[in-house]
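Please find the structures below.
Below, subunit A partners subunit B and then partners subunit C, in two separate complexes.
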Partner chain A sequence: MMRWLGRLAALLVAALLLLAMQWTTPVYDEMVAAIPSGGQIGDTVAARKFTIKVETIQFARQLRFEAYGKEEVRDTSGLWAIVTATLAARSETMTVNDAYWEGPTGLLYSHSNRLAGVRPLLAGALLQPGLPRRGWFIFEIREDQARGATFVAPNAGLAPLDSIVRVRLGAGGAGALPILDSLDLDRMPGAIE
Partner chain B sequence: MTTAEPPDEAATALVPTDSGERRWRRLSLWGLLLALPVTFLLAARGHLEDWWQAQELFEQSVPAGSEIRFAGADWRLETVEVLPLEQSGWPRRQGQGTPVRVRFAVTVRDPGIDVLWRRCRVSLRDDQGHRWSAGSFGGPRSTEGSMTCGAATLEPRAPGTVLQIEQDFTVPNDAAATVEPTVSMDGERPWYLRFRRGG
Partner chain C sequence: MVWLTTGVGGFLAAGLVLVMTIASYRTDQPVPKLPLGPPIEAGEWRVVPLSARIATTTPDGRKVRDGQKALVVEMELTNRTAASSNSFGRLLTLDPSVGAEDRPTYMLLRDQDLLWEVHPDMTERVAAVWTMPQGAAVPPVLTLAVHTSDYKRRDNLWGMSGWYNPHVLGTLDMPVQAADPA
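Right, the complex of A and B next:
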């Protein structure tokens, strides 16, 4: 009788173990997920192939710039978020093709594609080792996603087991968000040519 | 029912007493050590080949001024030239960069270089392990009839043809004097050439 009870208990334990393993099995995407390297504004954060230092964040309702000899204006029903950063390749020539603004509720904004012709955009810029570039990542976001956001680059889905950077963009104080009505990108300090 | 049972039947079935059977069981277990990696290698063969073809692992050093047979052609480094900024136009965007133009004279020896030279990669390297890939300054090519390594694969080249291969780079000012060109392509990787600079 005791032996049967023992066997039953062993069976139950085995079943429970199997269930626990099944519940906690990571999906393939999690097993090969990108490895985040974190930091905040002002830190130089290093990924495997590049380093980034996010310097300032600015918000504006409208952007003005000159592109291909023409004055351009871009309005938005949300906000323009301009991330000024210095980006540097570590050992090989490379590009950072994607960057994201991850809002406090998890909304993920890709960098804007409405700004063709703005010169020192960093997304897709060719980075040579030893030649860091200072410029902007510009996002078009919803106003409630401005505080407590995280800058993420490059695309985590395209970097399995590689590193990505996650830069916390400030906790977001209680005061009103400093939002410019209009920002002239050509007059903005920071772009080095 | 529970008292007069013979020794556990399940246990006897699992642990064979026959010495021949035990030997086979041991051999099979050891066999797994071989079978599992082999299965993995067979399944991943395509990926491993792709990886192997993409790596530059073994350096073949080319002394300054000499010629070497590589991927069906004889390669000779002609010049590594630092261009004046105003001539190149493009690198002003990168402030501190220096434009460098590298030129090779390549004599075709094998009729199949359009295949051997696929994914041709010309870079500049320094001794700290930095690698600069070729780019463009956006200006016209300096030499009539010169072409990039990739462009040379666009059509078959007859043996005996001499190709002027030219590639442009942007490197930091302090690296321009010391960087050395490297060349690799599908037909030769993971071997690659590194041209030493004389004087």
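Right, the complex of A and C next:
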């Protein structure tokens, strides 16, 4: 009798163990996920191939710039978020093709492609080792995504087991956000790389 | 006895599979008609169709090539997902009998330029533009198919979340305005 009970108990324990292992099996996606490297505004955050130092964030409802000899105005239903940063390749020539504004609830806004012709854009800019570039990542976001956001680059889905940077863009205390009605990118100081 | 049971079980299984296979080939439900006006929730996208017209210039201000015309369908498009996306390319299709190209070009009316991506929960007015030969017969009431796909928390191969199993949500009838003068 005792032997049978013992066997039953062993069987139950084995079943429980197997169930626990099944429940906690990491999915493939998580096993090969990108490895984040964190920091905040002002820090130089290093990924495997590049370093980034986010300097300032500005918000505007409208952007103006001259592109290919034409004055362009870009409106948005939300906000333009301009992230000024210095980007540097570490040991080989490379580009950072994607950058994301991750809102406080995890919404992922990719860098805007509506700004063709703006010169110091960093997304897709060729980076040579030893020649850091200063410029902008510009995002079009909802106004409620402005506070407590994180800058993420490059695309985590395309960088399995590689490193990505995650820069916290300030907790954003109380008070109104400083939002410009219109921002002339050509007159913004320190824009030239 | 054991043999008999095995045989009966096997036949039962085979019969069940046969019935299920036949059942899966039965004529599907007709594709539902979607009403024009209210927002249509099509998987990743929420779309409000606004108008359809034949034009000689596309919304980016360019003339279409000689011997061609453009069908411009304007709509309000909202990204329902949590990430910026450009998967609107497969949202709308025309009946192949119209003779237009397969996939339309999407343009952002705000910029009068190509549409690259739509950001989460930021509604934009956009236009889908099909070009077709001048002689192509566009019916006065155009039938568009609206495509959708299903969200899966984990796909079967990699365990990634995403939108899979594209299928037609329904069809939509839109009156086409006549060609603009010029």
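Convention: the second predicted complex is superposed on the first by the 192 of 193 C-alpha atoms of A that agree within 3 Å, B and C clash if a C-alpha of one lies under 4 Å from a C-alpha of the other, contacts with A are read in each partner's own complex, and residues count from 1 in each chain.
Methods note: contacts are C-beta pairs under 8 Å (C-beta built on N, C-alpha and C of every residue); 3 or more make two chains touch, one makes a residue touch a chain.
Keep in mind that this is a model prediction, so the values were computed, not measured.
Trainee: Tell me which partner A:Asp181 touches in the superposition: subunit B (first), subunit C (second), both or neither.
Mentor: It touches nothing on subunit B or subunit C.
Trainee: Which partner does A:Leu108 reach: the first (subunit B), the second (subunit C), both, or neither?
Mentor: In the superposition, A:Leu108 contacts subunit C only.
Trainee: Per the contact definition in the header, classify A:Asp29: touching subunit B only (first), subunit C only (second), both, or neither.
Mentor: second
Trainee: Looking at the overlay, does A:Glu140 come into contact with subunit B only (first), subunit C only (second), both, or neither?
Mentor: The second partner, subunit C, only.
Trainee: When the two structures are overlaid on chain A, which partner does A:Gln128 contact: first (subunit B), second (subunit C), both, or neither?
Mentor: First partner only, subunit B.
Trainee: Figure out whether A:Gly78 sits in contact with subunit B (first) or subunit C (second), or with both, or with neither.
Mentor: In the superposition, A:Gly78 contacts subunit C only.
Trainee: Touch test for A:Glu92: subunit B only (first), subunit C only (second), both, or neither?
Mentor: After superposition on chain A, A:Glu92 lies in contact with subunit B alone.
Trainee: See if subunit A has more residues touched by subunit B or by subunit C, and give me that chain.
Mentor: The partner that reaches more residues of subunit A in the superposed model: C.
Trainee: Does any part of subunit A touch subunit B in one structure and subunit C in the other, and if so which residues?
Mentor: Correct list for subunit A: none, the interfaces share no residue.
Trainee: Considering only the defined contacts, which subunit C positions touch subunit A in the complex?
Mentor: Going through subunit C, the ones touching subunit A are 82-84, 108, 110-111, 113, 116-117, 119-124, 154, 158-160.
Trainee: Please give the residue numbers of subunit A that touch subunit B in the complex, ascending.
Mentor: Subunit A residues touching subunit B: 1, 3, 91-93, 119, 126, 128-131, 133, 192-193.
Trainee: Considering only the defined contacts, which subunit A positions touch subunit C in the complex?
Mentor: For subunit A paired with subunit C, touching residues are 27-30, 74-78, 100, 106-110, 113-114, 140-142.
Trainee: In the complex, go through subunit B and note every residue touching subunit A.
Mentor: Touch list, subunit B to subunit A: 2, 92-97, 123, 129-133, 135, 170-172, 175.
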